[in-house]
Amino acid sequence: MNATLGFAVIGAGRIGALHARHLAGAVEGARLVRVVDPDRVAAERAAVAGAGFSDALDDALSDPAVDAVLIASPTKEHAWQLEAAAGAGKAIFCEKPVADDLAETVRAMEAVEGAGVPFQIGFNRRFDPAYAEVARAVRAGEIGKVELFRSQSSDPGPAPEAYIAASAGFFRDSVIHDIDAARFVAGEVERVTALGRVLVDPVYAKYGDVDTSVITLEFVSGALGVLMNSRRTVYGHDLRLEVHGEAGKLVAEDERATKVWRYGPGGPRGDYYHHFLDRFRDAYRLEVQAFVDAVHAGHAPEPGAVDAVESLRVADAAVRSLHEGRPVRVEEVTP
Amino acid sequence: MNATLGFAVIGAGRIGALHARHLAGAVEGARLVRVVDPDRVAAERAAVAGAGFSDALDDALSDPAVDAVLIASPTKEHAWQLEAAAGAGKAIFCEKPVADDLAETVRAMEAVEGAGVPFQIGFNRRFDPAYAEVARAVRAGEIGKVELFRSQSSDPGPAPEAYIAASAGFFRDSVIHDIDAARFVAGEVERVTALGRVLVDPVYAKYGDVDTSVITLEFVSGALGVLMNSRRTVYGHDLRLEVHGEAGKLVAEDERATKVWRYGPGGPRGDYYHHFLDRFRDAYRLEVQAFVDAVHAGHAPEPGAVDAVESLRVADAAVRSLHEGRPVRVEEVTP
Amino acid sequence: MNATLGFAVIGAGRIGALHARHLAGAVEGARLVRVVDPDRVAAERAAVAGAGFSDALDDALSDPAVDAVLIASPTKEHAWQLEAAAGAGKAIFCEKPVADDLAETVRAMEAVEGAGVPFQIGFNRRFDPAYAEVARAVRAGEIGKVELFRSQSSDPGPAPEAYIAASAGFFRDSVIHDIDAARFVAGEVERVTALGRVLVDPVYAKYGDVDTSVITLEFVSGALGVLMNSRRTVYGHDLRLEVHGEAGKLVAEDERATKVWRYGPGGPRGDYYHHFLDRFRDAYRLEVQAFVDAVHAGHAPEPGAVDAVESLRVADAAVRSLHEGRPVRVEEVTP
Amino acid sequence: MNATLGFAVIGAGRIGALHARHLAGAVEGARLVRVVDPDRVAAERAAVAGAGFSDALDDALSDPAVDAVLIASPTKEHAWQLEAAAGAGKAIFCEKPVADDLAETVRAMEAVEGAGVPFQIGFNRRFDPAYAEVARAVRAGEIGKVELFRSQSSDPGPAPEAYIAASAGFFRDSVIHDIDAARFVAGEVERVTALGRVLVDPVYAKYGDVDTSVITLEFVSGALGVLMNSRRTVYGHDLRLEVHGEAGKLVAEDERATKVWRYGPGGPRGDYYHHFLDRFRDAYRLEVQAFVDAVHAGHAPEPGAVDAVESLRVADAAVRSLHEGRPVRVEEVTP
């Protein structure tokens, strides 16, 4: 391993290009070595700060300057790229999800664990400064035993139909962030009950999906939780995290994009984020920084393989609960 | 009916005495005529501003200066007092609940409706200025169609065991306020799923009750809702109401007791209400004002008999869901 | 003195009528006996809850049921009414100001003090729950020694010309509330420097007045203060009180009329008070309650004669500073 | 000029090292070429991402890969370094202040303007996202004509004596940020009146300085302003910017370090920044980004030479006002 962790970014789309820029400068202890994308023009454009580029993953895996790969390709490519990178002994940061399917996810994670390479899954919300602080404070015992958990997320508007058609569905693609936050803060989930509706855009019904949901969680610890999700909040991204414990409550809220209040004829008014890349700008950088720090320190990065598998398992349980109209135990869901 | 509505307050406990003081001065168009309580000392103490007092309901019902009764006696007395007052043709404001049992509630409401007297049930949260404004704005169409509803309530600490032993249980006694708020804001409920735990005080288990719960609601309109309740928030009363609609969201929050922020070594800090009589001071007055205004105007007061019955029915459905571990349709619950 | 303090309200305008309603019911330990106004129709309308009314002050002063007078007549009537009421031995609550002129104020206060009757001046902002809590906390030593003070007040819009023509000017009529708040919280003022502008409505210039000002205060304690005032805040009443001390800061802010946040396309939005009677509803009641409590307890009510005189003296110093363009010591201002 | 702006950072102290890291990665269109510091060890440590380093400014000025210098050396070195860099035709970003003395500042700015090189002064608060948004909205006319301006800044605690001894004083060193913000948002200042006290640490008196101040500003536009400053706020950095205009108000406030609220026995509590490098992390990066963007676009960077001179002139006027106890016109202050 090089003193400064050399990265190949795999996939030069919007998220890959963002990671490449961060690695070129904003992440300490790392540098951008290469960008790989079948679209060489995109790869070149993302290869900032003098990094190389190519259209072949092998070029990156055989480059001794590459210590780590950051996989930001389309989901269906993740599994084989993970296995190849693991085989080449590279440290791996992979955008979520590993795969849309639990069995494929488990297989890929087994390959990674078999190779013994460091692995981190891109549940970036764990690195949002507010979410991270809530989790830290809960673990530090600031509110005692957790009793009630709530996570809420809404996007400004529904996705385009092409995205919906290709996605693994609202629960596995979007609500999984709230599920992972729940596991992060309150521990493993025992049972799930899901309610879902198509209230925002009828196109979701066409794909057997929902756009509005309420999911209750029963944690192994005995705590109760609620996830509330929608595909439409006209005022911008609306994310809240609440943890109620025996000795107090922690809330990550106040999603205003700036610290400015505007006082006009209608009263004081704040402004929200309208694009998730703005909302999660810090989180996208900090998650990679944490990965780099863990690799340098020789610790297992987190969230890791178990989180990739278990958060998807809870999402699968929610899908089953929605379809069958009953509470579903997470252990019922097997690969 | 007298030009100024003459009231007899039945029951001179803490709430009855508060209502008596309000009627003596703070409610326009009304005056306090009498206080009735089997404990004559208590009745006398509550009979402020020169009002009469006695230990017999009949004294009040036969007094032509009494146009209306405000029933604030123990719950088990409500039903017969309601029937007697209805028989005497008095307008009736009754503290919640009418009765702990749905069948008895329905019978009392039938007596009231048979007599054709004005009737209001004391779901005071509808008159909290913030809750009332949210409901008003929803009805005015400010956020379009309602999609998600959430109500949260927590008390600073658990009730004394004597209270728990006598109460109709967490859902029928306490969560019913959130249920009524849900019906008030988002309409009738079709199906209920309840999760409950004893996390705060083991004494709740002794009485087959819970102290922490998450209840999901499926509204007739297609909207989804969540009620989150606890018997312990160390920082004071914690009540929040959120309504998410197609065109925006309304939130009643910020329960601080004063508008003061204190900036000390630990950062800025606000202060919450620790007693429900402080938190709901305005609501207790405004609900009676609304009753008086409705009687003067010849309108049916709200919340009325249907609310007394239907909110209890939803609470009963939640109890059944908790016991049977399954979603329960409200229509399954019959008197 | 009667067991329940009997009040005559002198002046049946908007404020007098409000006080009359409060005395009839909302103030404990008091009752409304009479309303006096040269306009008998107005007096009768304000005489709620069976109170008497007349057009002559003497009727009230000679009534043994009247223990106290609440003077809410036009300012120019205050002085002789104060002297008459003091002569009759009545406890006196007088709306601010005692008089527009310092010499007349001092004379009236000497008459009151000579008679030895309880006296309170209606600086109601001291009884706003948030302002009162800030003052209480400062006195309790919560922030140590006061170093910086700030009070800000703005009205939604300028007053009608008739009001401006009759008023004693922006500083003596309006900013005096902030001056009294400063003295209440941070002690006596030594020196004043005033800047003023006509930015809102040219009519103020016609009367030699200003509508926008910044006044700095040097307190006897060594602390510094700022008063910022305007006649126009389009979003409603904007009042803030900030006290910065060696050990922290106290802020009374967040003037929203309800605890509701509205989330629409422009982001979250709150709503402010647009009428001072709404903004100070509690303060108008609580100041009279405090007066009644002090009289019953045999304590001197506060704010009293010294506050009536000294707050006006600071306002006069500010007027002089504005006209002469220099810092003015308060002791330079003599009756 | 190179396609990517090559930078030499002059001065490898805390701020210089921060700028060097930003230039190495976080600033688009720029790269770090060299770090210069008489302490070669410090220079080497700050020369991240493969940048060169040396102890001689000439090495940087003669390097054709260096298009721009970022001067972060001790203030007393600024003037000759500015003149040397201007003579070498380099674009210049200089930390504030150019010099502690107005005459020296004017001379250095004349040298820069004579050379015609791009110049920016490091008033970083203009690039704080909230301050920048307030200024943008004011310029866009969102609140109409500005009537009242307020800026407040407090540090968690006083500086060490060595810093105080070497500094140009509270107004020229610290309050100058608020002065520049005032000029940025509300335009040029005509007259200044300053009040100052030593309330925090007697050491300020030893150096003829103050630690607590209130300064009023009269803007050329007719608006009024207030600057409130202290060297002690125990809860962290406390910065607020308020602009009151004819059509509304803009406020940059809510300095919490995270979006987390902690609800404990004392009520909800937020947390503030305790180090200015945390509070202004974004601003330090964004000001350099703006400089790079302006140079690439061929625009004059802002804030520029006029701001370096005029903000210091207002600070000098405040010092004179403090000493002479009278309002001072800014035009009285000449180099």
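Order of writing sets the labels: A, B, C and D. Residues in every chain begin at 1.
In the analysis below, a contact is a pair of C-beta atoms (placed from the backbone, for glycine too) under 8 Å apart; a residue touches a chain by one contact, two chains touch by 3 or more.
Because the structure is predicted, anything quoted here is derived from the model rather than measured.
Undergrad: Count the touching C-beta pairs: is A-B or B-D ahead?
TA: A-B
Undergrad: Could you tell me which chain lies farthest from chain C when each chain's centre is the average position of its Cα atoms?
TA: Between chain C and the rest, the longest centre separation is with A.
Undergrad: What is the distance in Å between the mean C-alpha positions of chain A and chain B?
TA: 43
Undergrad: For chain B versus chain D, what separation do you get between their C-alpha means, in angstrom?
TA: Comparing mean C-alpha positions, chain D is 57 Å from chain B.
Undergrad: What are the residue numbers in chain A that touch two or more other chains?
TA: Where chain A meets two or more other chains at a single residue, that happens at 233-235, 238, 247-249, 263-265.
Undergrad: Taking the complex as given, what residues does chain B use to touch chain D?
TA: Residue list for chain B touching chain D: 233-236, 238, 256, 263-272.
Undergrad: Quick one: which bits of chain B touch chain C in the complex? Just the residue numbers, please.
TA: 21, 24-28, 31, 49, 129-130, 133-134, 137, 142-143, 247-255, 258-265
Undergrad: Please output the residues of chain A touching chain B within their complex, sorted ascending.
TA: Residues in contact with chain B: 145, 147-148, 150, 154, 193, 195, 197, 199-200, 212-214, 216, 218, 222-226, 228, 230, 232-235, 238, 244, 246-249, 325-327.
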